[in-house]
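In the two complexes that follow, chain A is the common piece, with chain B as its partner first and chain C second.
For the complex of A and B:
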């Protein structure tokens, strides 16, 4: 289960990514606990497996439009599906990596895996409920799904 | 860093190592250090060692979390091949222990992701002793 200080660390990692990499701040909505089933996800999902002191996943889930604009803000002209998949994984990796500042080296993170395409689902650890952190950037809405034991 | 001052009068070769194609291209596009020329792009530690042998770079930017071989192990192997190579770790892993471990293996600098263009160029300039 996530504690308030854990959520703060994820919020910091998320807002810092947009401030620095995209040079434009994102706002974060109220985190909420998913009480039934799995949360809805967007077309592109970067998933980081967490092990060590905590176990579970961190998933950055974003629509194509947000990722396309993010690439353009980085002066990347290639906005193909391959690059959108690469970026969504890199964002997830960067947010999870930033969280280690607070949670320490025992918060071990994997290389990202990417789940892309409508109708896909992200596999969550059994027996724990995920927390969703809504992310608003420009006119786009994404979410960070955190499910940790 | 002063020991590397002679580098500044010659062209320096840069090898970029990151498992993200977007990041490799970003570092290549954004680095604006005079005399620094990209000679290779590698997606993991194994590729990096192969390219390192082929291109003999002076400077390497190195991600840590990568498949096949991670950046920490790769740093150790690159330094064994050339103890004078300058290695800038560019990683999302923001804890101090990881930075210390990378430096102990032979890295010369550490830049956290996410980074701005200015931060990248400042880190590279500091690494090679000014630009």
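For the complex of A and C:
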């Protein structure tokens, strides 16, 4: 069963990244459930495995455009695939770090792995309904997929 | 323990005995033996000296005689005097050597010294003579001179003394020799005894040494055996075993199973904190560290502390190396190893109890679930299966719609408020359906969802974060419906079984099932009675024509009727006491009439309650901030009545599961409009309220065809 507090911690970690790294706040869109199949994800995904009081996967999924602008906002002119992968991994790592700080006593959070490229899927625990939280930043929308049980 | 202790005491006693024997051997044998040997050596030397001195008095007497004779013959006396002097000096030296010997304290030596002293007085003038004793003359030849004469006289006196002194000296010297001989014999005997004793001691010591050597070899062999056994135990035991020292560091020895449990091999010197770090949460780590420190306390009650062991079932996670983590449950047990000076070490045993924990958890969940399911199953058995199946399908679709509403992208406050109204309507419909079927668990969950919506509606600013509780609640409702669906299948199986076993008498049950979803009236009656009971009221529902509702509008008619029933019982019908005071039947009357026409259908819903008071509606609108007081005064009766369809508008104080959120009539209006219908209200304060709903027949006919 989902717990609001846990999801909120991951959402906070995500928005916090934009506030600090991009110096421009992101807003949270209307969250929803994925009731059938796998969630639609973008090209670049930073995935962290969570264990402890709850177990599962949290994935920060962002479109190429958002990451490109984010890199440029950070004064990085190199927007190659590798840099985008690094960036999405860094976002996931920051989320993990924030959650570890806030809920570290209850959670063990893995080092992020990056899943990139069209057609890729993120393996989610079977039988759970992931929550997708849209993250609006400028004109772009990323997704935070939280699948914990 | 006792055996080990007695063995240690025995070894200590043997060591002490050995040392005592060694000291005794040195003190009683070696030291006295050395002294006796030394004394024997001195006595032997003295005896030899005394023996040698026995000839000296005779030699002196001979020298004196030679001097006398040579003086008589006027021969040279120098050599004889010199011999005498040498003999006297030799005797002096011998006496000096005898004084420190064993004979030094004897009376015989003192007698010899006294005799010699007297004898010496007579000898000294002779022995000390220097010069010539003669004078030569042609006339008389060689004659004694005066000194010669004196020498001769002294010599004769000395010879006279020697006649008596020599024998007495010899006698005394013999006595000394005899005494010394006896001492030597005694010392020799003593020394012999000491040597025998020494040999005995030596044999004893050698025996003891041999015993100690045997003990040492035996201990070494036992130690090696124990070491091998320990190694075999540690290599075979399935528990993870290790020792912690006072610094919480793991000792060198540990069981082989520990490596498999912790997926590492470097344990020696590792602290417990280092061992657990990265595998447990920080909270668990901190608790574990505090707990182990507590165990080291001397005053700590081990049984009590072990009963609160926070590591009795600890969740650990191991990195698989691919980003994922493996969850295990380990059981730690601590045993204090005490020594003479308190707790020396801590024996820690670790077991992998993952299977047990998961099984217990599964069992517990299963039991809880079974209990809940059993209660629910009993409830579901009371529900018409067709109605239930229809409800589940409809509700699943409605929840999918709720999720779709949530999924629509939203950024601004307005977007989110629009969602709230939509969500309210969907959820309210589900709640109404659940209420008609008596599914209290679903009704309660949807009501809780509505509570969340109401809370959001009251906020001044909305964002997606505020919607997180809705998603969590939706997830819970979906999960609950899945459980109901599974139970419904089981309930069907139970019913089928019951029908088979009572086949000859099963006709009534079959009839009930065949009643089907068309039979709206009974469920509405149940709902009305339930709400009335909750509100402390009494109602009676009279329906007409509902069995003629067909096709696509059946769903809409039922939804509308549900909301109108709820609305009427909560807002319209007075409680029994009030009704009696108004000369009304204490049982409120609800009437639903459905009429089919060629062009349209008409659904009329009427209650004989207190009616709608427009003024009260206007007051509510002003209080809610929907209208200013002036604007409210401008509203006519029709516009005032229209307020009841406004989303969120309610005159009910507070909210409960049946009213108070202003959703029901909003839902009715939207439902009627959604199929192109119209709704009108007629009311008389204190008498009645009537909703007349006109629905286009086309959709109904299509539904009927379909």
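Definition applied: the second predicted complex is superposed on the first by the 146 of 149 C-alpha atoms of A that agree within 3 Å, B and C clash if a C-alpha of one lies under 4 Å from a C-alpha of the other, contacts with A are read in each partner's own complex, and residues count from 1 in each chain.
Keep in mind that, in the parts below, contacts are C-beta pairs under 8 Å (C-beta built on N, C-alpha and C of every residue); 3 or more make two chains touch, one makes a residue touch a chain.
A quick note: this is a predicted structure, and the numbers were derived from the prediction, not measured.
Look at A:97: by the touch rule set out above, it reaches chain B but stays clear of chain C.
Contact with both chain B and chain C is seen for A:111 once the two complexes are overlaid on the shared chain. Touch criterion not met for A:9: it reaches neither chain B nor chain C. In the superposition on chain A, A:23 contacts chain B only, with no contact to chain C. Contacts of A:142 after superposition: neither chain B nor chain C is touched.
In the superposition on chain A, A:124 contacts neither chain B nor chain C.
Of the two partner chains, chain B is the only one that A:74 touches; chain C does not reach it.
Counting contacts as defined above, chain A residues 104-105, 107, 110-111 meet chain B in one complex and chain C in the other.
Remark: chain C residues 279-283, 315, 317, 319, 322-325, 327, 400, 403, 406-411, 415-416, 419, 463-465, 467-472, 474-476, 478-479 touch chain A in the complex.
The residues of chain B lying in touch with chain A in their complex are 19-23, 25-26, 29-30, 65-67, 91-95, 97-98, 112-116, 119.
Listed in rising order, the residues of chain A touching chain C in the complex are 1-4, 7-8, 11, 27-33, 35, 47-49, 51-53, 55, 104-108, 110-113, 129, 131, 133-134, 136, 141.
The part of chain A that touches chain B in the complex is made up of residues 16-17, 20-21, 23, 71, 74-76, 78, 82-83, 86-87, 89-90, 93-101, 104-105, 107, 109-111.
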